[in-house]
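Take a look at the structures below.
One chain, chain A, links the two complexes that follow: it is found with chain B in the first and with chain C in the second.
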Partner chain A sequence: MIELKNISKQFDIKGKGHKKKRTFVAVNQVNLTWKRGEFISIVGESGCGKSTLAKIIAGLISPSEGSLLLDEVENKINTQAQRARWAKVVQVVPQDPYASLNPVRKIRSSMGDALLYHKMAKRNELDHKIEEMLDLVGLNSKETLNKYPHQLSGGQRQRLVIARALSLDPDFLIADESVSMMDVSLRVGVLDYFKKIASERELGLLFITHDFRIARYISFDGKIAVMYLGNIVEFGDTQEVLSHPLHPYTQSLISAVPLIAGKERRIEEVIPKSFEVGKVYADRQQCPFADRCPFARTDCYEQKPLLKTYNGNGSSSTHQVACHYAEARELIENV
Partner chain B sequence: MENVLDVQNLSIEFPTETGVVRAVKNVSFQIKKGESLGIVGESGSGKSTVAFGLFNSVPDPGRISSGSVRFLDGRNFLKVNTEERRRFYWEHISMVFQASQNTLNPLLRIRRQVDDIAEAHQFNKKKLRQKAQSLFEMMYLDTDRVMNAYPHELSGGMKQRVSIGLALLLDPEIVVLDEPTTALDVISQGSVLKILNGIRKELNISLLFITHDISVISEVVDSVMVMYAGQVIERGPVNQVMSSPTHPYTLGLIRSIPPLVGDVKNTKGISGSAVQLDLLPKGCPFYSRCDMRMTKCSEIPPPWVTLDNNVSVACHLAKNEGGDKNDRTQEHFKTI
Partner chain C sequence: MKWINRIIMAILTVFVVASLTFFLVRLMPGSPVQVMYLELIQKGIPANQAMNQVNIILNVIPNEPLFQQYIHWLGQIIHGDMGQSIQQTGVPVIRLIFNALPWTLITVAIGLLISFFIGVLLGVLSAFVRERWTSSLIDNIGSVAHAIPQFVTAVALLYIFSVLVHWFPSSGAYSIEVFPGFNGPFIMSFLYHMALPVFTYVLTGFGAWTLQMKASTVSVLKEDFMMAARLRGLKQNTIMGYLGSNSILPLFTGLMLSLGAMFGGSVFIEGTYAFPGIGNLLATAINTRDYPVMQGCFILTTATIIFANLIADFAYTKLDPRITD
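Moving on, here comes the complex of A and B:
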């Protein structure tokens, strides 16, 4: 089990000329519990800190505040050795399978590096290990090993990148927008594949996406966390969040998804006041979404709402929201 | 009603080392004034190449091997000389690209780019700037800020909305949009779709909307054309095609969109990878990936059938009896 306790990450923005030096909060006081075998989707627009959060969990950047616990033991990631140890616990599948394989190296050498670095294979058994990995993701190892990345399709590359992440036998897997570069028709195949591998190996899967359709599909029996400007604004079981979204931001995101004619129908629509992601600096104490929120009242600009369990209209006790005036809305129904 | 665009038997081919690849094969379609059409297909289906064909600017070494493109004036646009063609662009047909950040000049403020358009087409700069301002307002943009901004000062969604505004500047009859929302976030995408839906109704402009994601178009187009391997395989009113797709490929495209409500059991991707144009069977191009294929599909090209509900389709399974066809799709939905 991985636990995040009050994790924050701040970036200092240099002052220039008349502009003051300011602190930009990318991730703000995030608490999250992630068990083995649990599927969590993190949803939000670009600039909401979802990738920064993923990098903190993966140990690629260190948080400014807060602690990261593994099985209830505080885990520090400062030295190279600690980082290497953490890499065997959490692995990341990057967004772009085109950019994450070295174009001038054969698949064999791209795939073997991680195993050699972590001393999980000797050179003489490397080929055998890589072949095993490729078979696992359903690629023909004999054909693939001596190819260059450009000779493979997007879907094949994506599977290679997943295989590479799995080669260290991690307990947790983070997928950062892993299907957003692919054709819609091929996405579901890759998502199914993620689901299958993660269930078989009882992996924790953290899926980062801006698309509620994908989030709902991948973590159908899991959880969804909605992030806005570094804060988790809503958290709960996927079905609950989708059917009764509480936060106006979640509601705007769901309202913006184009519907399939003849299958889905809109009941109600929440449209934000601005289509642009705002900015909130450390020196302001307000609801991060207040500037865009169509329901904002004066308190929203004065006091920042905290993430609390929502108990209105018999909703499940795990559904949390950070809003002073949270109200469940039903937005979409089946035709 | 008159056609704003009439494309007949357009074929586009690319010579390669191993032979000529036909990226677009005998594509024909018409768009009436104020009517919008969506072209849907995976990467490599030839949908963007069709758009380049409309502008007679197929990238080298491609060439248009046959066909005609006629706009309102009725001349074959493919035979018009370069100078006249240049005038035609933007005043009668304009285009919005997927990567709008690359179509705006990074060194010029937006108002200078408006001036550039005015200069190239001999319009009054002052009037055109006013026009641009009112269009940007329609795009929910902060007009004063945007006019004086450089492209890098705007977000991706704002740049895309500026591009759409600029495309409308000279009152074209038709705007071609090539994956206009693919690079955008959900809320920006929602805003662009809302705007497009607004302008097509308010300004009575025809849209040609090209996308790989069939879910984005149902609110912005009237009819849809599904392409595979350079050929049109299904065409019809968007509601008909979306609610009861006939071609197994169209069905596959719709089934691969995870639903927002209800069960996800019916969600399924299309097997195999995108088309390889040099390895097509003699018969139906979708043969190798189709899960309803029959022996004759690999040998005999499917005939073009028009069904009762105004949907036309190229598939051996399609029958000219509405009831029969519906049963088949329904059954198919049940079996998966």
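Moving on, here comes the complex of A and C:
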């Protein structure tokens, strides 16, 4: 179980001339519990801090505040030994498989370096071990081993980086926008593959996406977290959040998804006041969505709402929302 | 097959450049025949006799049309004969070049490799500390060192180390007390004499490599595969290997071209230190309008640059698997 306790990440923005130096909050006071075998989707628009959060969990950047707990033990990733240990706990399937393979090395060494370093394979059995990995994701192992990344197709590379992430036998897998670069026709196959492999190995799967439909598909039985400007504004069971969204931001996102079939029910339209993503700096004490929120009142600008469990209209107790005036919108029938 | 075509093209290019230089050097004002002819006339020798004497001394056919001279030269060059020097009468150009080439080759090769090594190290360092003042310090030192012309650096070093503190000799490639050959005293003397020229090559050369290496390293550092390598918990040495093998690729062509240019030597550096290399030979030949020597030097420089480029292209297909031949 990985727990995030009040994780924040701030970046200093250099000021020039009369503009003073400001601090940009990429991730703000995030609490999240992620069990083995649990599927969580993190949804948010570009720049909301979801990739920064993924990098913190993966140990690539250290948080400015807060702590990262593994099985209730505080975990720091500073030394090489700690990083190497963490690599066997959490792995990431990156967004762009081509860019994340070293172009001048053959697949054999791209795959093999980590196995050798972590002593998960001896040198004489390395080829055999890599071939097993490649067979697992349905690649022709004999042919692939001696190829360079540019000689593979997009789909093959995607499967290869999944195989590479799984080769260290992690307990948790983060997929950072892993299908956003793919053709729509290939997406479902890869998503199914993620679900299958994660269920088989009882992996925790954290799927980062900007697309509610992908989030719903991946974590249908899991959880969904909606991020806005570094804050988790809504968190709960996927079906609950999608059918009864409470935060105005989630509501506006869901009501913006176009309907094709015409049979689904949808919530009434919530249109934000502006379509520009704001910026929240450390010195402001307001609701991050207040500038765009169509329901904002004065205290939204004065006090920042915290993520609290919502108990209105008999919804489940795991549904959390960060809004002073959270309420379910009326459902309207789409005819 | 493709490479055979490229080699034929390269030979053709060298031939065209050599032909162009044949005409270009003869367009320069001042002809050696004219100079010597006027000298003899001034000594009171009749015009007719003076012309004969010039023709015999310089071994040229008088008033031969330029095109005839070109055909004549073409016949020579096909047989691998670059002709004879005009000023050092009767000495074949090939021999002059082969006497001068080793000096240039050794000094420039050492200078180039040292400057490449220093430049690459500083470039990587600068890329790693790119958000700190150290990085802009390295970049600025590199730019300034690269921007100062070779002859200024050469004269400055000569003045400081040879005139002010007498640490290094001011001219020549070896001391007159030693005999050229493979013996200890000669090699020591040669190393001692080439210190200042090599230092000049390094000082004027490393800046460009530093800036190129920094730009290249910074872009590789941002690549996803570097992040993916850290993600897999690989040790620092492996990650540096990933970085190095990718960021040094763009510098490779530049290095090969510089190795090619090396055969030309540096007119300025060799001139300043009176170093008996190709650069000095060329400078003297230009000053005395020694056409065959000039042409010989130009053909050598052109050919080496063109073939170095060809080798670079070929080697690149081996170094970078993304480029196919």
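Keep in mind that, in the parts below, the second predicted complex is superposed on the first by the 322 of 335 C-alpha atoms of A that agree within 3 Å, B and C clash if a C-alpha of one lies under 4 Å from a C-alpha of the other, contacts with A are read in each partner's own complex, and residues count from 1 in each chain.
FYI, contacts are C-beta pairs under 8 Å (C-beta built on N, C-alpha and C of every residue); 3 or more make two chains touch, one makes a residue touch a chain.
All values derive from a computational prediction rather than experimental measurement.
In the three-chain model built by superposing on chain A, chain B fits alongside chain C with no clash. When the two complexes are overlaid on their common chain A, residue A:A256 makes contact with chain B while staying clear of chain C.
After overlaying the two complexes on the shared chain, residue contacts for A:F11 are found with neither chain B nor chain C. In the superposed model, B is the one of chain B and chain C that contacts more residues of chain A. Of the two partner chains placed around the shared chain by superposition, chain C is the only one that A:R83 touches, whereas chain B remains out of contact. Of the two partner chains placed by superposition, only chain B is touched by A:F212; chain C is not. Nowhere in the superposition do the C-alpha atoms of chain B and chain C come closer than 14 Å. On chain A, the surface touched by chain B in one complex and the surface touched by chain C in the other have no residue in common.
The residues of chain A lying in touch with chain B in their complex are 45-46, 153-156, 183-189, 191-192, 210-214, 216-217, 220, 242-243, 252-264, 272, 275-277, 332-334. Residues of chain B touching chain A in their complex: 42-43, 140, 155, 157-158, 185-191, 193, 212-219, 238-239, 242-244, 252-254, 256-262, 264, 267-271, 273-274. By the touch criterion given at the top, residues 58-60, 80, 83-88, 91-92, 94-96, 99-106, 113-114, 117-118, 148, 150, 161, 164, 168 of chain A touch chain C in their complex. Of all residues in chain C, only 223-225, 227-236, 238, 242, 245-246, 249, 319-322 touch chain A in the complex they form.
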